[in-house]
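In the two assemblies presented below, subunit A is common to both, partnered first by subunit B and then by subunit C.
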Partner chain A sequence: MTWVQVVFVLLGLVAVGSALLVVTTRNMVHAALWLVVTLGAVAGVYLVLAAEFLAWVQVLIYVGAVVVLLLFALMLTRAPTGPQTDLDARRALPAAGVALLVAAVLVTTVVAGFSEVTLDLDQAIVGSAEMTGATVFEKWVLPFEVLSVLLLAALIGAIVLSRADTAGAEDDEDAAAGSSDTADTADSRGRGGR
Partner chain B sequence: MPELLEVLVRVAIVIAAFLVLPLIVGQIEHKTMAHMQSRVGPMYAGAFHGWAQLVADGVKFVQKEAVVPAAADRQVFKLAPAVAMLPYLVAFLAVPLGPGLVGQDLDLGLFFVLAVMGVGVVGTLMAGWASANKFSLLGGIRVAAQLMAYELPFVLAAASVAMAAGTLSLLGIVEAWNPWWLLWQLPAMVVFFVAGLAELQRPPFDMPIADAELVFGPYTEYGGLRFAVFLLAEYAGIVLLSALTAVLFLGGWRGPFEEQLGWLWTLAKTGLVAFVVVWIRVAYPRLREDQLQRLAWQGLVPLALFQLAITAVGVVVMAS
Partner chain C sequence: MPLWWPLVLASLLFAIGVYAVLVRRNAVLVLMGVELMLNAVNINLVAFDAWFRDVLHGGQTLALFVIVIAAAEVGLALAIVLRVFRTHGHIEVDRLRELADRDLDPSTGSGRRELDRRGVR
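And then the complex of A and B:
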């Protein structure tokens, strides 16, 4: 085993170990913090595989934005210090089964597709910004555009769902506060009730 | 072993810069603020215009008792200062002082620095939550909201320079820099600097630690050495933001006699930007939370997108 392989295995162990802690810890915020360790270890794995660009994207997006959003939501709702007793998921076993199945599918795909490929680390330019950009915008430009349209649709969907003054809000008195029209009706109904 | 020795020397220089430059900025802040407010500031420590004031502060911090609140989450509480400080130390590695004068030249230097800077905020969030104090928690929530609002224009403004230079390497960006970028990339510079200030929670964007409302936000329960580490992280952040602004937008080591005096130019430009950071603290009152969000989403994000369009047109026109 070379040093690179040793580092790779160690990073993998850190990633798997902290991922297990994410789902077993008794505290929601600790779970989010262990997730930082998992994502950081995965970024390290990318680095060892010479995918430098992907590694820093992983840190910037997942650690810098997604986990911060997660912590924000936790702090805004309910995040006591100390263990929480009501965290046991009732469907832990089926969930573990699904996770194992997904892992089996992914491992089979990766092994079937890439088991012959070896990476020469001395001349690895696979993950440089130039290579990544050229590959995405020359070879894979159509999937890239399709993905961006999908993300845009999800974004618009999220905005539509979170707005109170669009159609559908009239049935729901609680959500009507955003529009003056419906708010007035809700108000008068409230007064009538009194 | 010369290779290993070189790495050790480079790391030692970066650590020395990390420990000295924030102190210099801190002293500049003491004295500049004092004179702008018609005071003299520290005068006694070290005899000459109080130059040793921050050293004395450091000694005082070390002597204090390390208190952990009873209800706090002990491990997270103790870990938070290190998580807040280490990313800035790592980011210092990639910032170039002169041609070839850099801790480590990375092909993706700009991306690396931006990614690592975002991690530091997790430390502040950990501090806010683990203190088990409602003021700390509110401060933490404000930190998270602020980061999410300002990270986007920050990265977009940096992307504009990367597009103009055609590279993500910090050395490459300085090589490609041209004085007329001062005009072409001016909106990006403004967006980058303002969003950076907000990310560091410097006044006028210090809503998370607003002392009149939240005591001291996420740092309320911290004292002694741990508090000093948070302070060091803040001033290291100022140095990093100033150095990045100088490297990306002000041409880094470019200037007269750049072959011999390049490092001095970088330091001078960094110092100038750091002075502006302090100046803004004295000149502007703190923004309210809703004003802060409005500035980011309705001011900086559209401006950054506009700049990206200008940059794209410029790059295409110049290439043809």
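And then the complex of A and C:
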């Protein structure tokens, strides 16, 4: 085994092990933090597979932004910080069976299909920032622009969804009881300021 | 390196994500499982990009696009999660049954409240 293969195997073990901890830990904040380890290991896998720019994007967007958003969501939904016993549904065993079946089908498929193929990483084109930028802006311009419109739509959607005073808010008030009170006070405070 | 090594790693991460989506009750933890599955797909794309070495660099570019779409998806999903928390006071996905076409569950009482609200007996 070359050192590249050793590094890859170690990164893969770290990724799978921490991913297992993400899905089994009883502490929600720990799950988010183990997700950081998984995503970092996946960024290392990208580096080994000659996708340099993608690795840094992974670190910036996933580890930097997505995990912080998840932690914010845990905080805003008042998730308890201690360990909890009721995070998993009672159907854990059949779910584990389904997941094992998925893993078995996928692994046998890819091993049967690609066991002969070797990846020559010395010859691979390194996806540096220059290379990726040239490819995106020369050959993938239209998907890139469509993606920017999609991001704008997602931004507007998120703003509309998280506004407190949309039309559906009044209907839900009696069902919401305590939790909507905070929203209402925040709303009235906003009106008073105006 | 054999090509199936990264592919097996991606398969395992995908299966772990499937397990999280199926078994977790908290919506944010379900989202973490979705993130794991998206990362598994990205590993596949990058591995095949390193194998094909085509001039379009399709694998890495599509992986980049998937990361962007995942960021948009997480933003929207968290807005929905906060909305659900505001209206229901919890974000446990197996207790959110207002849209389920099934008999009322007496143990959780969910669904009854919704029918009471509408005046259905």
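Couple of notes before you dig in:
Keep in mind that, in the parts below, the second predicted complex is superposed on the first by the 121 of 194 C-alpha atoms of A that agree within 3 Å, B and C clash if a C-alpha of one lies under 4 Å from a C-alpha of the other, contacts with A are read in each partner's own complex, and residues count from 1 in each chain.
Convention: a residue touches a chain if its C-beta (ideal position, glycine included) is under 8 Å from a C-beta of that chain, and two chains touch if they have at least 3 such contacts.
Quick caveat: nothing in here was measured; it's all calculated off a predicted structure.
By the document's definition of touching, of the two partners only subunit B reaches A:W56; subunit C does not.
Using the contact criterion defined above for the overlaid structures, shared-chain residue A:F72 touches subunit B and also reaches subunit C.
Within the superposed three-chain model, A:Q5 lies in touch with subunit C and out of touch with subunit B [touch as defined at top]. Between subunit B and subunit C, C touches the greater number of residues of subunit A.
In the overlay built on the shared chain, the residue A:V37 is in contact with neither subunit B nor subunit C. In the superposed model, A:V14 lies in contact with neither subunit B nor subunit C. In the superposition on chain A, A:T81 makes contact with subunit B only, while subunit C stays out of contact range. In the superposition on chain A, A:T135 makes contact with subunit C only, while subunit B stays out of contact range. When both complexes are aligned on chain A by C-alpha atoms, subunit A residues 53, 57, 65, 69, 72, 74, 76, 79 touch subunit B in the first and subunit C in the second.
Interface of subunit A with subunit B (complex): residues 27, 29-30, 33, 36, 52-53, 56-57, 59-60, 63-65, 67-69, 71-72, 74-76, 79, 81-82, 128-129. Interface residues of subunit A, counted against subunit C in their complex, comprise 2, 4-5, 8-9, 12, 15-16, 19-20, 22-23, 28, 31-32, 35, 38-39, 42, 45-46, 49-51, 53-54, 57-58, 61-62, 65-66, 69-70, 72-74, 76-77, 79, 86-89, 91-92, 95-96, 98-100, 102-103, 106-107, 110-111, 114-115, 117-119, 121, 123-125, 127, 131-132, 135-136, 139-140, 143-144, 147, 150-151, 154-155, 157-159, 161-162, 164, 172, 174-180, 183. By the touch criterion given at the top, residues 1-9, 11-20, 22-26, 28-29, 31-33, 35-36, 39, 42-43, 46-47, 49-51, 53, 56-57, 60-61, 63-65, 67-76, 78-83, 85-89, 91, 94, 113-114, 117 of subunit C touch subunit A in their complex. Here subunit B touches subunit A in the complex through residues 71-73, 76, 106-108, 111-112, 114-116, 118-119, 121-122, 125-126, 128-130, 132, 137, 140-141, 144-145, 147-148, 151, 155, 167-168, going by the rule given at the top.
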